[in-house]
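Chain naming follows the written order as A, B, C, D and E, and within any one chain the residues start at number 1.
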Amino acid sequence: MRVLFKTSYDQDIDLLVLPGERMRVGALIALAILAPLLLSSYYLSELAIFFSFALAGIGLMVLTGFSGQVSFGHAAFVGIGAYVHAVLVARGVPFPLALAAAGLLAGGVGAALGRAVSAMHGFYLAIATLAFSIVMETVIGAMEPVTGGHMGMPVPGIALFGVALEEAWQQHYLYLAVLLFFVWGVANLMRAPTGRAMIAVRDSETSARSLGIDVRSAKMTAFFVSALIAGVAGGLLAHQLQYLSPETFGVGMSLKLMLMIVVGGLGSISGAIFGAVFVSFLPNAIDALRALMPDGLVSQAGLESFIFGAFIAAFIIFEPDGLHGRWRKLRLFLETYPYYKRATFIRQKRYLKTGRFR
Amino acid sequence: MSTLTVDGLTVAFGGIKALDEVSFHVEPGEVFAIIGPNGAGKSTIFNAISRIYTARAGSIRFHGREILELPPHEVVRLGIARTFQNIELFEKATVLQNLLVGRHSRVRRSAWREFLFLPGVRRGERAARRKVEEILDLLDMQHLRDALVCDLPYGARKNVELARALCAEPELLLLDEPASGLNPEETADMSFWLKDIKEELGVTIVMVEHDMNLVGRIANRVMALAGGRVLSVGSVEEVQSNERVQTAYLGAAA
Amino acid sequence: DPQRGVRPDKVVLGSHTDLSGPLAIWGAPATNGARLRIEEANAAGGVHGRKIEFLVEDTAYQVPQAVRATNKLVSRDGIFAMLLGAGTSQSLASMEITDKAGIPSLFPLTGARSMAEPLHPLHFTYFVSYYDQAAGGLKYFRKTQDVQTVCLQTHASDYGEEITRGVTDAARELGMKLLMVGTHKPTETDFAGAATAIKNAGCDLAYLGTTTKDTIALHTTLRKLGFKGTTVGNMVSYVPIVAQAGGMDGYYAVTPAMILDPKDGEPVKKRFFDAYRAKYNEAPSLQSQVGYVSADLAIKAMEAAGRDLTVQRLTAALEAVRNYRDHFGGTTISFGPDKHFGGDSLLLMQVKGADWAMVQDNLPY
Amino acid sequence: MSDVAQLSLIGVSQGCGYALVALGFVFIYRATEIVNFAHGELMMLGAFTVLTFAELLGLGFWLGAALGILSLGVFGYLLDAVVMRRVIGESQASVFILTVALGLMLKALAGMIWGYGARSLPSPFQTDVHFGGIVIGLDRIAVILATVLICGLLWLFFSRTRLGLAIQAASQNQLAAYYSRIPVKRLVSLVWAIAAMVAAVAGLMMAPVTQVDTEMSLFGIKAFAGAVVGGFGSIPGALMGCLIIGVAEPFLDYAFPPLKGVYAYILMLAVLFVRPEGLIPQTYQKKV
Amino acid sequence: MSDPLLETRNLETFYGPIMAIAGVSLKVAEGSIVTVLGANGAGKTTLLKTISGAIDCRKGQVLFGGEPIQNRDPDEVARRGIGHVPEGREVFPFLSVGENLTLGAWGRSDRAGIARDLETVYGYFPDLRTKHRDMAGFLSGGQQQMLAIGRAFMGNPKLMILDEPSLGLSPLLTRTIFAIIRRINREQGVTVLLVEQNARAALEVADHGYVMEVGRVVMEAPCAVLMESEDVKEFYLGKAETGVRGDRRWKKRKTWR
């Protein structure tokens, strides 16, 4: 196994310390930068949608993965962001300002919700957020003069500083930049006191309080950051959808976001991104799989969603730590090869213990 | 002035009083031990101080400041840190992260600065880390720094919890059974650490402990509690020789 | 420059539809129906020697999925035309993309006016819209029963909004009073409150902007609570189960197409019925017919467009369709340069003894 | 006045309908602390199975119902033995997502087998009962009776039987339950079997109201809201919460028609703001 | 000596990559009390959990009454007659004290015997009697420990495995516990496997002892012999020694014989 000798505290503070990590992340970013050269505009637009969802997933990860607040209504924040952004852009507000406003407004609503639900736990919180999103959907539908009601509204194209970004590659770089900025920011937050306070609240509220963490404000902060990021993601997504309607941001999308972070592995930023990759591109994979299936099966309505469900179920059963966990194990395997022990990859028996304690 | 003054503290669950008019005071720089049979209300005193339980009556003053008016998270800011009887660590984090959270009450925070990781944040992190390393050195647990708490054996966790409490640079340390689950050798280590903490860091210690050996070795004064009431307060010898303490707690002449 | 989606030996059509979500009940059979017609055409040698390839993407009724599906169909598969896209918002989002690429959207599986209004050279739909279905129904009852007051209960959705506008406008035009508008989530199951409100408002007619299950629940509750007025809905509630549910007698539905009666001996109908049943192991539904007819229209238009198939020729051929009559006894369909809503008239159906019976053919709107 | 009586009565029966579904997942939660989002799908599957036996195979309602319920019991047992057992000890969010995925699969499967069109399941309770100017269907009365019965049985099961006690123990501390010789695995599978049977009963009883189709499972979401209002995990709480929602809804619909369908959620949010853990809280401050 | 009631042969148990016990073999003769000593992290808890089936071993065997029982489900092991008092007060928190004890007797059908045992438990721990209607999760730490012991006792096991039973108990109760252990051993013939930090008390009550260090057994002898061992005295009995600073603060290296 490779051993790293740390020589300064900064090495623990810095984000990417190991040369391997740096190489991997660097390679990924380089690949993303080169993507327009390698991919057709179809795949670039797929990537842009993926970036938006990955960003929303990172938002949810802050809330659910890091601070343990389960939200099944996160699509509502994506929706708020999308609508605010689209409405402002349509009224001539410059793109960056509109995006910022979308994030801040979504964040504000999130913080207010966070304050209201700070006394709730686990499943109560999950259902409360779900209800919030259902109500939100109705509210957006009822605000007809602004949002176009249930009929929906078209989204204008992107223009940055007076330049219209119509080409897929232009949008690609814009989206990539926004995504990287927030990934970096969230990583920063999580290595600083605020992020640690969130993790503390997740693991033991009692203990967190006794160490001076104001649990309610920690939860509000988590809600704010998380909803802000989701709102920005919504703004980005709006341009890819080109047409907004309230039911787009319903329970289905919330569940999809949740799926992403669980499949990716709760509690890690890379997990959110891996999960988004998985959930976003699974339909493409299933599509490819269809070529191999017998004819009668292929035309079965609902086959996609069956396979989709099966994949997710298999994932949770066989790799509950998510893609992130699998990746860690793989790395361990490679690093220790050939000295790895088979036992390393076998799970010990586990036992349920009540979660009904606060 | 006393560091901690508890006066007429009463805590009740339903109709049952877990603490009934308990009064005591802790002087600066002393080790004050609380003993008593199981269910006497020892942990309840700590929980009342750290505002996990609401007191029905009485007052708790720290340097004259009424604690019962504060929200729970403000207590540690006054300089009161604690450990828990049944260990309440952040299980899925490393020891280092646990200790850094321990610094929470001593760092300045601003979410957006941290989001951008401005230079000040890094300086703060370094400072926090230096302090944490001092504590790790003091308790001789550098080797555990990057271990996940959920992988540690019981005894090691006890020590991590002590370390985490110390990271808050408390003036008053509340320890709930620090030596339970430790073998005699480890208990001896614990007694040395507690002495160091008291003498070198100048921390006042209140501790609940059943190990009379440890109590005898380091406590300046002892309070015996039974059924939520104070049986006796005084030096170790005085309390140990109290007849009621012997029948209720020690069993036979110890 | 060769036409996109048209190759020497094949022409590619695409569809974004709902095969697994709440609208699977529309998307799945419609796709099946279309597929049946396309396979027939292919078996007969294709259109001008080109086989038709029909690519279907499941969107699970999610707009983002519809956008991705459209992107894929347009950029990767290079379709010639979009056929039977499902869902209003989904189709609107999809049309933002297809319009830019110059791809026609044929017969989306929704009766929203926005599918062909305002007039767009690439948008065609053959349904009479929900809006006009509402108008047609109200006109009829104004004339025949002298209905003065109307109540409306409908979905809190684009579908409901469309109907609300239709009913509101028609009522104003006909001098009727709209006494109450209630909206509900499509998933609601209990209508006691809504039905009481309608009953107490004392309307002559209750318009149900509902789908299948809520139609049954609302209608039976209304009758149970003693509502005496007329109850009318549109094509969405025109399905066998609504007639069979029990307690539905007297309920009207306005529709542009007619459900095929399996007992009807007419050879065309029987052939369709048997072929569908053989292929999909279930009886065809109205949506299967819609799918079949849509594909038929598209194929006819492609045939008429000639061997040099281009978008212009296709749309021109479509616009030339006059008095097309489907095999199943629906109304006639005609398009024109400024008429992209194909349906010429409507049908009024009523539940009688657990079955749908025709009350009025050629209902104008 | 008669409107009030009428709406209340229908509200009670609707509330009981929610409760009938809620009981199933509260039961599972109580026994395993798993929140089963696929419960609505179990209910749908139950309705389809009964439909298959009763109509398609022509066995008639009662025999079909009995066979359908039994089949669901077997299905529930296998579901635990094959799937749910493997994820014991995972985070609540993961297990929840697993049930969501199972729900997707069941729904798609049902669609592939039975198609997407709604079907009606003719029930033997089709007459209406009139009294004092109000009317209610016999099917609604049957729902009320079934709910009261099942609710009572489950409550007795948990509070009066040793088996019920053992199941609760297993959910609170599984390892300790094992150490106490409680056959945890078999018990939990049994719980799933019973819950699936309750789901089948719910599906069967609600079929006249919702019709039988793949979207039937959505009925369960309001049942969730009701159970949360009551305090998730409490059997009487679930009944109480569902009744509150069931009765309040028609009045709110009547008074203010445009928002029908979200009142349940608004009501639930309102209750949660005042009592963050529902009317009968099921979580406790940890003793430290 | 007859066949041992419990025997482990060469047990190896892993937590992921960590080998927590590495080839432990021990024997517990029927009717005896055996104690396992070791520093924290030595693997005592892991050993006990492996025996009772709470975790799986990778290698080796656990024989109970001559039959292999390793890697079975813990409830099956328990039904064979092994009662385990786990480390860390594993009570059923939302059930009452009485219900906890009732569940301890799960699977027993002799009403009279259960009632008698319940009385015995309440006799040992009067606190439990006064609290028998209260939720177990709200008992004080020591009371929960009593409950865990009482619950295992209610199962009337052939072999009782106790993981630090005196943890958090008052000196009076600690003494009581050891008296009880001896009594059930002498009077009811229950075999006992005991892990304890309070080594002096454990060695006094037990017949035979094992010492574990980082996952291995490093010493094994009758208790009388162990008590005389320098290392055991030094590290487990807390021999009072004083040095220059009043206390001795440096550590001697362990040599094991």
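What we mean here is this: a contact is a pair of C-beta atoms (placed from the backbone, for glycine too) under 8 Å apart; a residue touches a chain by one contact, two chains touch by 3 or more.
Keep in mind it's a predicted model, so treat the numbers as computed, not measured.
Trainee: Going by the stated contact rule, which chains contact subunit A and subunit C alike?
Mentor: Both-contact set = D.
Trainee: State which chains count as neighbours of subunit A and simultaneously of subunit E.
Mentor: Both-contact set = B, D.
Trainee: Can you tell me the least number of steps between subunit B and subunit E, where a step is a move to a chain it touches?
Mentor: 1
Trainee: State the pair of chains with the top count of C-beta pairs in contact.
Mentor: A-D
Trainee: Which whole number of Å gives the spacing of the CA centres of subunit B and subunit D?
Mentor: Going by mean C-alpha positions, subunit B sits 47 Å from subunit D.
Trainee: What is the distance in Å between the mean C-alpha positions of subunit C and subunit E?
Mentor: Centre separation, subunit C to subunit E: 74 Å.
Trainee: How big is the gap, in whole Å, between where the Cα atoms of subunit A centre and where those of subunit D centre?
Mentor: Roughly 31 Å, centre to centre.
Trainee: Please work out the Cα centroid separation of subunit A and subunit B, and write it as a whole number of Å.
Mentor: Spacing between the chain centres: roughly 40 Å.
Trainee: Pull out every residue in subunit B that's touching 2 or more other chains.
Mentor: 43, 52, 84-86, 88
Trainee: For subunit D, jot down the residues that touch at least 2 other chains.
Mentor: In subunit D, residues 107-108, 111, 116, 172-173, 175, 178, 221, 258-259, 261-262, 284-286, 288 touch at least two other chains, as defined above.
Trainee: Send over the residues of subunit E in touch with two or more other chains.
Mentor: In subunit E, residues 15, 54, 93-94, 137-139 touch at least two other chains, as defined above.
Trainee: By the document's touch rule, what are all the touching chain pairs in this structure?
Mentor: The complete list of chain pairs in contact reads A-B, A-C, A-D, A-E, B-D, B-E, C-D, D-E.
Trainee: Can you list the subunit E residues touching subunit A in their complex?
Mentor: By the definition above, subunit E touches subunit A via 14-17, 19, 54-56, 58, 93-94, 137.
Trainee: Given the complex with subunit D, which residues does subunit A contribute to the contact?
Mentor: Listed in rising order, the residues are 64, 70, 116-117, 119-124, 126-128, 130-132, 134-135, 138, 142, 206, 255, 258-259, 262-263, 266, 300-306, 308-310, 312-313, 316-317, 320, 350-358.
Trainee: Applying the document's contact rule, which stretches of subunit C touch subunit A when the two form their complex?
Mentor: Touch list, subunit C to subunit A: 19-21, 24, 27-28, 31-32, 35, 58, 60-65, 67-68, 71-72, 74-76, 88-89, 92-93, 96-97, 114, 156-162, 185.
Trainee: Under the touch definition given earlier, write down the residues of subunit D that touch subunit C in their complex.
Mentor: 3, 6-7, 10-11, 14, 17, 107-108, 111, 115-120, 122, 126, 128, 135, 137, 206, 209-211, 213-215, 218-219, 221, 246, 249-255, 257-262
Trainee: Quick one: in the complex, what on subunit B touches subunit D?
Mentor: It comes out as residues 43, 47, 52, 84-86, 88.
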